[in-house]
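Could you have a look at this structure, given as structure tokens, before my questions?
So that you can tell them apart, the chains are marked A, B, C and D in the order they are listed, and the count of residues begins at 1 in each.
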Amino acid sequence: MLAELKGLNEECGIFGVWGHEKAAQLTYYGLHSLQHRGQEGTGIVVSDGHALQGLKGEGLVTEVFKQDKLDELNGHAAIGHVRYATAGGGGYENVQPLLFNSQEGGLALAHNGNLVNANALKHQLERQGSIFQTSSDTEVLAHLIKRSGYISMKERVKNALSMLKGAYAFLVMTETELMIALDPNGLRPLSIGMIGDAYCVASETCAFDVVGAEFIRDVQPGELITLSDEGIQSEPFTFSTQKAICTMEYIYFSRPDSNIHGINIHTARKNLGKRLAMETQIEADVVTGVPDSSISAAIGYAEASGIPYELGLIKNRYVGRTFIQPSQALREQGVKMKLSPVRGVVEGKRVIMVDDSIVRGTTSRRIVSMLKAAGAKEVHVCISSPPIKNPCYYGIDTSTHEELIASAHSVEQIRDIIGADSLTFLSVEGTIAGIGRKEEGETCGQCMACFTGKYPTEIYPDTLLPHEKELVR
Amino acid sequence: MLAELKGLNEECGIFGVWGHEKAAQLTYYGLHSLQHRGQEGTGIVVSDGHALQGLKGEGLVTEVFKQDKLDELNGHAAIGHVRYATAGGGGYENVQPLLFNSQEGGLALAHNGNLVNANALKHQLERQGSIFQTSSDTEVLAHLIKRSGYISMKERVKNALSMLKGAYAFLVMTETELMIALDPNGLRPLSIGMIGDAYCVASETCAFDVVGAEFIRDVQPGELITLSDEGIQSEPFTFSTQKAICTMEYIYFSRPDSNIHGINIHTARKNLGKRLAMETQIEADVVTGVPDSSISAAIGYAEASGIPYELGLIKNRYVGRTFIQPSQALREQGVKMKLSPVRGVVEGKRVIMVDDSIVRGTTSRRIVSMLKAAGAKEVHVCISSPPIKNPCYYGIDTSTHEELIASAHSVEQIRDIIGADSLTFLSVEGTIAGIGRKEEGETCGQCMACFTGKYPTEIYPDTLLPHEKELVR
Amino acid sequence: MLAELKGLNEECGIFGVWGHEKAAQLTYYGLHSLQHRGQEGTGIVVSDGHALQGLKGEGLVTEVFKQDKLDELNGHAAIGHVRYATAGGGGYENVQPLLFNSQEGGLALAHNGNLVNANALKHQLERQGSIFQTSSDTEVLAHLIKRSGYISMKERVKNALSMLKGAYAFLVMTETELMIALDPNGLRPLSIGMIGDAYCVASETCAFDVVGAEFIRDVQPGELITLSDEGIQSEPFTFSTQKAICTMEYIYFSRPDSNIHGINIHTARKNLGKRLAMETQIEADVVTGVPDSSISAAIGYAEASGIPYELGLIKNRYVGRTFIQPSQALREQGVKMKLSPVRGVVEGKRVIMVDDSIVRGTTSRRIVSMLKAAGAKEVHVCISSPPIKNPCYYGIDTSTHEELIASAHSVEQIRDIIGADSLTFLSVEGTIAGIGRKEEGETCGQCMACFTGKYPTEIYPDTLLPHEKELVR
Amino acid sequence: MLAELKGLNEECGIFGVWGHEKAAQLTYYGLHSLQHRGQEGTGIVVSDGHALQGLKGEGLVTEVFKQDKLDELNGHAAIGHVRYATAGGGGYENVQPLLFNSQEGGLALAHNGNLVNANALKHQLERQGSIFQTSSDTEVLAHLIKRSGYISMKERVKNALSMLKGAYAFLVMTETELMIALDPNGLRPLSIGMIGDAYCVASETCAFDVVGAEFIRDVQPGELITLSDEGIQSEPFTFSTQKAICTMEYIYFSRPDSNIHGINIHTARKNLGKRLAMETQIEADVVTGVPDSSISAAIGYAEASGIPYELGLIKNRYVGRTFIQPSQALREQGVKMKLSPVRGVVEGKRVIMVDDSIVRGTTSRRIVSMLKAAGAKEVHVCISSPPIKNPCYYGIDTSTHEELIASAHSVEQIRDIIGADSLTFLSVEGTIAGIGRKEEGETCGQCMACFTGKYPTEIYPDTLLPHEKELVR
């Protein structure tokens, strides 16, 4: 229930194409399928081999790109971005891809993730006379590339990457090359596909299905892939890698039709729901999920428990930026917004309400109260992940310690606050087992830091951006 | 799969409030919850007891109404409309409520349904010198009221209603009265609720949940309800009534959280899915539904058959008016639009694909082919309603005879056309039993004309609008 | 200085074409040249011989019509309108041409002028069951035509015109005819021209120059001209005519490059300025005019008096609807808006400031004060028309008696109020002589009612619109 | 007639305020009065002493700034810019003021003029790793300031200015200082004024009249003025100054109500017209000017020659960006756009048509032909400046050598091309004398390079921007 609660629920999405005459159009459809990863802004930069040309704007993919403008983006290569502001503020200039032109040619960057040493690097660059045009951590990479002493672009990029710490999936494009880089922990998902003879790259594999591409493989931690007229080349830019894929991508962020490192998201979620049913023994009449991200887990729960799955909550599809929020007075009279309970389904019933996570607890409290007002006899809240006790520094907006209800409250206290008849979280072990990765190690190659506090990289409190500093105690 | 196929899937929705100081705001939220019934235009007219004042426009509720404009609509009474153009063309002037001002005061009308003798009445009125400003059949009622010889508004409305034939749920508002009328067959749903001391009326009960209203009762066929300073008054405007509620409201149109005449839509659909499972004996690995309207039926099918329900198809939420359609070339390369198959779920599986209806068959063919391309071993199409063989004249846009695939093809022919391994329709009896109405009569008070050809009213081929004439053979 | 003062300065403009394949495009350019006559809304209706089709909207010609939309208006005939709201309120529905469709075909109307018995006629029509969609007096003609017992459209129009009183220039178009009618006093200007073989009609001849048309002749009072496939036909619809051309068209409204009944507007204004110089004997250093409409008169004054003409006042061209008005505080600190004095020209000088009229006196006071603040030693205000003492009921918005400063104040009192060193109005005789019409009668065929109170038609106080009632005492 | 011909007629305008609580509002009105100097984009940056905040956009002042946004720009200091793209392309990022934020604070720049060594400096900075965000020459100054070794901002600015060559009037603002710099030749006009206790600075003095400011003095060539909490400080940043004010500012660009170095523009133009009359002896019936910039000269000509001034040409005020240009076919049929001849004034007359300049000659030819088609017996073209034979590198867009008709044709050849009965240019001496500056030197401190080819600075062909390179042979 991360999204409902915070109004900001996603990190960014990136997509790129190399070697297709309709590169911009394919990128449009690719970005469109990644829209759930960011709705604040979007852009596409194309290369026709001679020059880079871009279009970007604040808003949705369908708002920013119009037929005539999209048709002007000619070229065989393109990179695109959908933005959710994890670091840096809003504003047109922060919308990506960032595009830099100079006498030696163009340079375009698209980034998914969050650098933990961005501020330290920016301070140093400004002291040397560099002028930053954005408040995005992505621009740091551009300056590091420009100031690198190496001559070849690839060496300059590798040199620059060696200074970064944190989570990142980067697309770097010049007139003649498209480079793809993933951080040494592989925190963010990134996959390679093919459309006929052309290559494409995407944050999620759902984009491949939409553009008719075939999935080839996932990008590996610490890998730098270069696409150019000479074909595809891969090399590690570091050997100190340690896989730590963001668990929240499985639980909440990614689309159910995507696969990450071989595991389908819907299936993973359904399995988390089944695990949850196995870990609990609640007697109830109906199982319902909080739409949209918890539906798969609820169905899994119902299947494993034998309790029927029902549509107990419904989401209004037409709530967008321009929706007029009800006044406090109308809200108190019962006017609802995004979610409505289905009285015909829950009235007089004992309801198991499956959700994917609890962050601050306010939304859970509201939904429980809504279900009870609609006549539910009992409401049992079952969460298909462990309590979130620690902030994320890698691009997922899970609030500060102060806001995380599980950071300072026991499960029983939370249950009391949200007004549920019972509250169950999935165990850490059940989460790892439910997702079902087969790799070695305690976490099977996943980052579980928000649950366990064990971060896969260093964190630098002194150089964080202001809002990040609050996250650290 | 009506919506996917035709691009036009709904009739209209109406909402009204009497006796609440925030009448326009409540109507905004009410209309918002009815948005699925019409996305082409919307409007609100308010009365403050002295004058009527309105705002309308083409587009969604959130596009037409902005905070400042909504706040200017002061009054204790309001009627509103969301429009899907069933009769008459598009255009600003056809957006409802229609508002007419004259020396004797204002008159506002909102209408859900379709009159079958609108054209005949319009011809006669024009011959008498009346000037029509819209191509909407709704305006006929206004002229009939204005030309009626009676003095009281209620008598004039009853006099005018006596000349109408077809399906209609009308809201008629003057400065001092709000009248609610339902056709003698009760073809369209219409319910009365209360918000504190205020009355409200809505096409669907989901609107009551959203505005915090309590459901009171359904409006009865041939009933005229008058709300005024003297309270609520009900009287029949005809005694020749015969209940014939549109079955498609249960199967496809209404929101799953609404109840029509006491039956919850989600529950009805789930029961239709269960019935369907009972009428078939298909061996398969997974059940999947075509989102959104077939999900409940698919879950019912899974529950009754014991075959697991999975997310085999996913709908992109961000496809709207401004989406750039892929070119034919890109479509042939595999670029998809609204629906994507989930490869991780269907690959190598025998899939039961549950849908609510087949109209022209083109969408079904596309989805079957999509599932097979994603690796489904078999695709069994199960439809939770009987074949649609006859056009609807009551406001539901189910194409002409020529376009209705079931009108001229056997089930086996259709199966062959859509490329399914098997195709099953729910029986007429199963449909009636699944919905579960307890009333007497062959159809238990439902209109089954699109399946059976037995229309509850006369049809007048010579006076239909041009596009309707095509519907009749 | 009518415009500066009231913010509403013009009546409407009409333009029509018959027999040219680019009728809509020509109408666009014609309306564009008449834009000074109305900036609130504009529209074009075309006929291709089979159907009428229209486009209209609030705003300027360049705002309402875009290339793609204009190109869709195919047809050989067109009528267009630029609107300044003289009667009826604002709003989209009041924008003209009004277009009415019915089973017997379309009817489009464009009107310049103001009917003095519109309200009485409207009352009667509504009592008979007619529904009015606009608050425009123009719609009365449509209902009269529709209800007329005659069969031929021409007879119905003549029958309808016989009931109207006031000022009107009408364009009435059906699929097959374009009718042009001018009121029996010819209060509004209206001329016929030819573009090759095609006919055109315009409120002002400047439109002919812009579209490359040749001026043929002025429409005569009480004349009905019919354009159809049978060519041009003219007939009087009444013989009780009495020419009374609006004098304000010469003094203020029309464009300087137009001719009305053979007299060029710039030349008329220059002559009014010369007359004014002859009627006064003021010693001064410079003559300046209030832009734009008083420039010609000022040049005439300078030429006749021998005092040099200078640019003492400058108008900012970029003040439009979206201009942010300065706050009261900033205004008091000296922030100016539309007009600025030219210090380099007026400092230390005795200035003759020529303006075309004084309505309420507030603008004159502001300009005089502005000139003095810029260093003018003396400011002598010379008005190239007589004092306006009476309201206009024929479409010119000259305020009520109460607002007209000359209605209740002597010239010396006005001079004192506006703070001028002297104030001179042109005499009534000088005005008539300056314009230079050669016709017989006291006013040489002009309406001088706003100066003299002698109205050429009856006025009906009881049936005027509310704002007009205020005009009458 | 520079504007009519090229569609691009102006350089930029700048305005600044220091020490007034409504700094942004005053800047809005100041920029509005300078709108004639640039219509492509505009912006305002304010300082409240702690941070810089800006708003900019493409379009007119009234399009970019809305009341609510303007009210958010709080601060006691502001700089603003209206842009006409002289160097660099269009686009949002090139709109000024440019605003750069860094750890050490903000830096905002507004620039009027054109640097002739911008490209050479940019090449060098990029080689050192600087990233440019705009294609504007203005950004060079920002990088030079940022890379300067000096500590105080004033020293850094002086250090940076020492590397620039060309024409520039700069406003440089930090949180605590507003610096004003003018190039050593003083090519662009720039003046200082006071509004109560607050300082303001503007490209033209007309802005002072509009905001109620008092003119203090013109900024001197090579002067750097610093406004801060410590008041106003002035110092020369170079002693190698040589006044060379752009003559075109007097002849064409500036508003008639502005004064440059003590000379009123209207008066200068009228005197140029008088000089022109004295240098010619043409017999004619009427004098007319090409609106708007040639009106003053035409009036001067009429006054000196005794031939009456008439409105022979009229400009349509409503032609803007959204005007639909007539097709070639309609143009050939006589449809006109911005200018119309006044037949009633020119028919049968010998016309003297006064214009301020001839660039390519195409517009002159069109106007002459238009006047003859309207019946003019003879058309004598009199230009109130000498032939333009050389391109301008200082910010005025006078085309390349190839396009300048006077660069390769004699006066008689030009006369023949434009179809005039005679053609007269004002002499170089007459131009200098007409403007009437009293300073020493051959050109009295004016830049006459476009007439004489004597440029006041070096020109560097190798480092010019592409479009500038074409200008040089």
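The definition used in the following text is that contacts are C-beta pairs under 8 Å (C-beta built on N, C-alpha and C of every residue); 3 or more make two chains touch, one makes a residue touch a chain.
Quick caveat, the model's predicted, so the values are computed rather than measured.
> Which chain is most remote from chain A in terms of Cα centres?
C
> Indicate the whole-number Å distance between the mean C-alpha point of chain B and the mean C-alpha point of chain D.
Computed from C-alpha means, the inter-chain centre distance equals 62 Å.
> Using the average of all C-alpha atoms in each chain as its centre, how far is it in Å between chain A and chain D?
Chain centres of chain A and chain D, defined by C-alpha means, are spaced 50 Å apart.
> For chain C and chain D, let me know how many angstrom lie between their CA-based centres, rounded off.
Distance between chain centres: 37 Å.
> Going by the touch rule set out above, which residues of chain C reach two or more other chains?
Not one residue in chain C touches at least two other chains.
> Can you name every chain pair that touches?
Applying the touch criterion to every chain pair yields A-B, A-D, B-C, C-D.
> Contact residues on chain A for chain B in the complex?
22, 25-26, 28-29, 32-33, 35-36, 60-63, 65-67, 70, 195-196, 206, 209-213, 255-257, 259, 264-267, 270, 295-296, 299, 303, 308-311, 314, 316-320, 322-324, 326-327, 329-330, 333-336, 340-345, 374
> Once bound in the complex, which stretches of chain A touch chain D?
For this pair, the touching residues of chain A are 92, 100-104, 122-123, 126, 128-133, 135, 142-143, 146-147.
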